[in-house]
Amino acid sequence: MALIHDLVVQGGQLLLVLLMAPLLTGFVRKVKARLLRRRGAPIIQPYRDLARLLQKDVVLADNASWLFRVAPYLIFAATWVAAALVPTFATSLMFNWTADLIAIAALLGSVRFFLALAGLDIGTSFGGIGSSREMMIASLAEPAILMIVFTLALVAKSTQLSTISDFMLSSHVGVRISLGLVLVGLIIVAIAENARVPVDNPATHLELTMVHEAMVLEYSGRHLAVIELAASLKLLLYISLIACIFTPWGLVRADAGLAAYVLGSAAWVAKLAIGGALLALFETVIAKMRVFRVPTFLGAALMLGLLGTLLLFVSRSL
Amino acid sequence: MSAAFALWCVGLLLVAAAIGTAIPRRHVATPIVYGASLVASVVALAGALAALIGPAPVSTATLPLGLPWLGAHFRIDALAAFFLIVVNLGSAAASLYALGYGRHEPAPHRVLPFYPVFVAGMNLVVLADDAFTFLLSWEFMSLSSWALVMAHHRLRENVRAAYVYLVMASFGTLCLLLAFALLAGVDGAYGFEAMRVRDAGPVTAALVLTFALLGAGSKAGLVPLHVWLPLAHPAAPSHVSALMSGVMTKVAVYGFIRIVLDLLGPPEWGWSMVVLALGGITSVLGVLYALMQHDLKRLLAYHTVENIGIIFIGLGLAMAFQAYQVSWAAALALTAALFHVLNHSLFKSLLFFGSGAVLTATGERDMEHLGGLIHRMPLTAFTFLVGCVAISALPPLNGFVSEWLTFQAILQSPDLPPWGLKVLIPAVGAMLALSAALAAACFVKAFGITFLGRPRSPAAANAREVDRFSLATMFAFSGLCLLAGVLPGLVIDALAPVVGGLLGDRMPVQLDVPWLSIVPIAEARSSYNGLLIFVFITASASLAVYVIHRFASRVLRRAPPWDCGFPDPRPITQYTAGSFAQPIRRVFGTSVFLARERVDMPPPGDRRPARLTVELRDLVWDMLYVPVAGAVDATAGRLNILQFQSIRRYLSLVVAALVALLLVLAIWL
Amino acid sequence: MSAFPLDLLGLDALNAILVIPAAAAAVLALVPGYRLGARLNVLAALLTLAASLLLLSPDRPEPGRYLFVDDLNVVFIILTTFIGFTTSVFSATYIAHELKIGRLTPQYLRFYHAMYQVLMFSMNLALAANNIGLMWVAIELATLTTILMVGIYRTHEAVEAAWKYFILASVGIALALFGTILIYLAAQPAMGGGVDAMVWTLLIDQVARFDPALLNTAFIFLLLGYGTKVGLAPLHAWLPDAHAEGPTPISAVLSGLLLNVALYAVLRFKMLLAANAGALAPGPLMVTMGLVSLLFAAFMLYRRRDIKRMFAYSSIEHMGIITFAFGMGGPLANFAGLLHMTMHSLTKSAIFYSVGHIAQIKGTQKIADIRGLTETHPVLGWGLVLAVFAIAGMPPFGIFMSEFLIVSSTFAREPLLVIPLLVGLLVAFGALLLRLGNVAFGEPLGSTKPAEASYVPLYAHLALVLGAGLYLPPMLVSWFQHVAGLLG
Amino acid sequence: MDGLDFDVAHLFAGGLVLVSFMMLYQDRLYALLNIFALHAIVLAFSVGWQAYIQDAPQLYITAAIAIVFKGIIIPVALHRIIQRLGIHREIETVIGIGPTMVLGIGFVALSLAVMLRVTAEADRLAREDVALALSVVLLGLLMMVTRRNAVSQVVGFMSTENGLILAATGAKGMPFVVEMSVAFSVLVAFVVIGVFLFRIRERFDTVDAQALDRFRRTRE
């Protein structure tokens, strides 16, 4: 009986994550529009875009290879699995034990790997610009997130997300500077990974600035729909990751009652809303950086992570 | 498998070498030699597997060769069995690959005689149980690989590469000789058994470690001593480069482990700092060098340097934990290092086979002249892609598992008391993470520029798929990469006797963990399940494909690329290896390689093309090797005048020597 | 072994190895034709070799007043006669070619073959001599014959080299004589005057009662005297030119045998000193001279343009290593030194065989003009490559085992001494390999006509050195270990 | 060993050292040859006297060889060679006569200091002879080193050999003295013949050792 219950909860999380992602993107765009004193498209506009794209036919470049057509599905699948592993409204679900935080970061790494390859496949210079800049950003973001994972693991004695969030809920976490550093670092990496404003502008197709858009330039129809969905899934993943680590209240323990689940998902949706709003606010306040100032921006995240780890190493022995 | 049985396999290899020497030019020689070495390697591999997994006790054998009063001792224990597996797996694959690749070899008479000797040498190094036999087979391995690097000796740079290689190899051997001399002590007890019993004092142990690090490090390619590796590995034929990069460097790691962890007593924590620091610097510098290359085989050779750095980080951690008797963490770190040894030999050989296939198909090694090969060589492209994903340590495959284990080992280190380690280990962790990320960038470049996009030269345009032997090898190794990635528990439990033998403790048994996931440390409960991740990804991907093909449109139309509306771009406008690495070069290269870019823009109206030149300086080469060579040359120059003296001056030398000695006698007596 | 025809002539083996070369020298001086002369030369060398093999019989003749056989010189006598034989085979083909291109005139050939046999006679005499005065005369005779042979081409470089060799060798021989006189003086109070005071076997028993200070002075003169013949660093000047200008068979014999005979003489006196407790151990002196020679020769290898002169410096380097080993002392190092002497003479003569033919084929000794040998003449090219690897101390050849023992035994006892030793070895290895890379590999250069060369001596030596690298016959090992004990 | 025998032997050995000094002093070749003849004669007397006191008849042969061969034949032969080959008769020195003499005195002091301390147990006459013989040897070598002419080097070498003969005769009862002096004579004969036969003059303009140097460059 417990097995079915776990299966249902896990299935519920998988579906919920998939459904909420476009909503979150729509909400962020709506808040940005409101901040710019514009009405903005309705929140459900992303769903309509996806539906439209799914109906349109795919226009493939002449020399596109099989990798170009397989990549979108691989990217979507990997992102969806990563998103499913991050606890949203409940922790220690059945499949949480398959991967810890390092594995999730690495899964996102493989997403980036295939996206960059897809960018290079058609052999146009824009694909090349996108992939090379994406790999430059990745070469700093990934070590940063791994250092952040180190600090969290040192604090919580494990890299498993459920253990970390249980530890955060427990009493003896106390206030630590390194956790503050890690939060700022994680936010910087999240912004860089999701190609938000200071690193890359998601809204524009201006050739010289785009990174993520340049890689998916040649996609169309259903492939583009899948990639867009994957992108919004990734945004949701990052926000729920930050939420589950730093604001774990409302996360449901294993096998709690139905009411707890409803309360948990409500809390999760609230956190998503607050996160989305903060992101929109941050994007409207700050302007886009030049490409070669991004390394210093991401270097800061790496230093924060390393500093956090060092402080913990040192404080452990004091 | 008994040591004698292994020696019989080595004997078969030597017979194959004899055949190769006798009738190299005849057409039938290639299949015979490679077939024989394939059989020998497979038999030895099976035997080694049985020795590792089965309860076979440690078996020894002695031959009357070598030092007259000692004889040549051979021994197979768990460590030797594991490395025999690595060596023979690599050589079996290389021999199978060479059955197809060998046919295009322009100078078979320079490859066939030395290839089996090279494999035999590596097997002998792992089997040796006394200092003389170890060094004899170590040099045997170097000499035969030198001859193979010299196979295409008509190219000037191959001769230079072979020269640099052999001089570095003999430097390494002399260092190992000093290490063994210290271990053997004054009465010359050269047997390993005697060395284990005899515990050297702390100073001698430190010296032995330094020499072992210099000796094994120069063969494996630790940073200051790595310069020969990217010169020599690409110069050899591809199946030999695969063996040199994938397997010979591992034999060097075996040498280091045998001397430091087995023959030497419990390590001091100070040494582990040296090994850790060297490992960290090697991994970062290795991958940064690799990113700057546009020759495919040199890129892979430089990348071997990075993976050796990762292995040495694992070894350094194991030594640090062992110094403080935290033996379960030491077991974890050593298992991570050995797992990475296996992984690296798998995917590096696979990538070298791929580059060999590209070389046969197009005759080109320079990525600037390749591109678009995925259309004409789809199978090679697929296996090369699997290799790239594995080497970039991405989840479903094996590269990720060994890095994940190394990270878990790093996370267990805060309770090590010394301050040095407290600061160094996080820094090394950061270097490891940085090198993993850069590796991904490097292999996106390697795969993207070589296989994707449009062909940049006619040779790339009409490449043809390679023969079925090469493809069979490459698919076999891709399968192995996936298997090791998906079922890591199997490999970890197979490594347990090796780690147990060396450190006395082993990782908890992984096979009875539910759902086949691996939990390295019981109480930390951080676990990773390769199989489920793989199943999830394939399930969700196929679910997405099914749903879309069921409900969304299935129409597909071919058209010229959109490219933001620009007219049809020529292949020259594509990104090249240099331009792909430009952002990373600008971030890291300016400090590490003093990279300078000079743009030569013609005045307006002048039709000649603008030219961008990038010059990189190899700091290690300029700061270490050029001064040393300069000093030797200067001394030779100054001493040379002594050749052109008159008889009278020579006589005055003799008289001066006589008078000096008489003076000494007068003063002393 | 007693039923050998030799006994019919009433000679035992020891006298045979002297009589045969002397007789052959006389006969060869009269034989006009070149072809007959060469064959006779080979036959004489073969007979001497057979006679020397007789010395292997366990029941050795007890030491006489002038000749004797013991563990040390039996090995070197056999080695000398064997290399003498293989060099005579090589010299047959080599000289035939020299005649064809007119570098040697027929009437000089009679002189050449006669001198060759006189050289063999004097070297065997020096090795078998029990009387230190007789040993001195024998080495003097050997020197004179080689001086004449070096000058045989009569170009001004050859004459100049011979003149230099003559003056330096004569000074060396004079110093050695003075040393011998001092040994006699030291022996006089304990053993009374007359011939007994110069018989080595008697000296070795009484040496404990000699005055140590006089022995040390004598050893200095002897080391400087015979050291000139060994070619140690400050006294080496004659060796490179003598090798480069003389005919190659003579270089092979010079490098392979004469250096060994001189060093054998030094070893005889070192055994004397080792037996006298009071004598200041000659170790430090030999170690310094060894290291100086090793380092000096290693660095000199880089600028050499002439291939034979390069290998001459390599001989100086190896003599330095051997002197260093004997200077270190101790059973392990001495054993390694003796092994190294044997292996070096076999390998170096093999190198000179291949270099001789290469110089003839390419018509030049300039390294820059010889390239791509393994392409044009594979047998000769690979022979040279294997020989250079053997001399550079690569396994599986014999020199690796001796260098392995020298380095490890030194490092265990005197760690600091190993640094210059290793620097020397590495620098020399680098130079040899650099030149080998150009000569044996790369685009072929120069004439590619097939060589009518005798490969048997070259590959016979390499086979022996390869065999010794893997498996040493126990009899040889026990002799060397016994002598190593004696050497102190 | 009564006083007179020792004194006469000592006189002759000392005389030989003195003549060696005189040879160092010469700056003309012909004068040098005459002094060398004197050197051989003094050696002959010394050896003859040793033969008389040690009543070893074979030493007389050595004395005879010394007088006939080195006293007369060699100087005359060299004299005629210098005349026929028109060899440059001026002796060029490397460091001047004065410093050479000072060095010579230093060498003699060194050899006396070393030899006398070392041969403590041997009998008085042998110690004397060996010490002075070493001085003659060192002076001969000094002459070879500081003179540029090939002929003067040859003369230096021969005086070294004379020193050795003196040492050999000094050691009482040493066998082979005669054989050694014969061997040396053969050696010296080779030199003279070599110079003449190989017409060193014809190959090189002068027998000046420096001229030989010019042909070094060809041998890298």
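Labels for the chains are A, B, C and D, by order of writing; each one numbers its residues from 1.
FYI, a residue touches a chain if its C-beta (ideal position, glycine included) is under 8 Å from a C-beta of that chain, and two chains touch if they have at least 3 such contacts.
From a predicted model like this one, the values you see are computed outputs, not experimental measurements.
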{"item": "B-C or C-D, whichever has more C-beta pairs in contact", "value": "B-C"}
{"item": "Gap in Å, rounded to a whole number, between the CA centres of chain C and chain B", "value": "44"}
{"item": "Between chain D and chain C, distance of the C-alpha-averaged centres to the nearest whole Å", "value": "31"}
{"item": "Interchain centroid distance [CA atoms averaged], chain A/chain B, Å", "value": "35"}
{"item": "Between chain A and chain C, centroid-to-centroid distance (C-alpha), Å", "value": "79"}
{"item": "Of all residues in chain D, the ones touching two or more other chains", "value": "114, 117-118, 141, 144, 153, 212, 219-220"}
{"item": "Per-residue overlap in chain B, given as positions that touch at least 2 other chains", "value": "643, 645, 647, 651, 654, 658, 662, 665, 669"}
{"item": "In chain C, residues with contacts to at least two other chains", "value": "163, 167, 171, 213, 216-217, 303"}
{"item": "Interchain contacts (touch definition) - all pairs", "value": "A-B, B-C, B-D, C-D"}
{"item": "Chain B - residues contacting chain D, complex", "value": "643-648, 651-652, 654-655, 658-659, 662-663, 665-666, 669"}
{"item": "In the complex with chain B, residue positions of chain D that touch it", "value": "94, 107, 110-111, 113-114, 117-118, 138, 141-142, 144-145, 147-148, 153, 209-210, 212-213, 216-217, 219-220"}
{"item": "Chain D-touching residues of chain C, taken from the complex the two chains share", "value": "133-134, 136-137, 140, 144, 147, 151, 154, 156-157, 159-160, 162-163, 166-167, 170-171, 173-174, 177-178, 181-182, 184-185, 188-189, 192-195, 197-198, 211, 213-214, 216-217, 241, 244-245, 303-306, 309"}
{"item": "Residue ranges of chain C touching chain B (in the complex, touch as defined)", "value": "163-164, 167-168, 171-172, 175, 213, 216-217, 220-221, 224, 228, 234-235, 237-238, 240, 280, 285, 296, 299-303, 332, 374, 389, 392, 394-396, 400-401, 404-405, 407-409, 411-413, 415, 418, 422, 425-427, 429-431, 433-434, 437-438, 441-443, 470-472, 474, 477"}
{"item": "Interface residues, chain A side, partner chain B - complex", "value": "54-63, 65-67, 73-74, 76-78, 80-81, 84, 95, 97-100, 102-103, 106-107, 109-110, 112-113, 116-117, 120-129, 131-133, 135-136, 138-143, 146-147, 150, 153-154, 157-160, 163, 205, 207, 217-218, 220-222, 225-226, 291-292, 295, 302, 305-306, 309-310, 312-314, 316-317"}
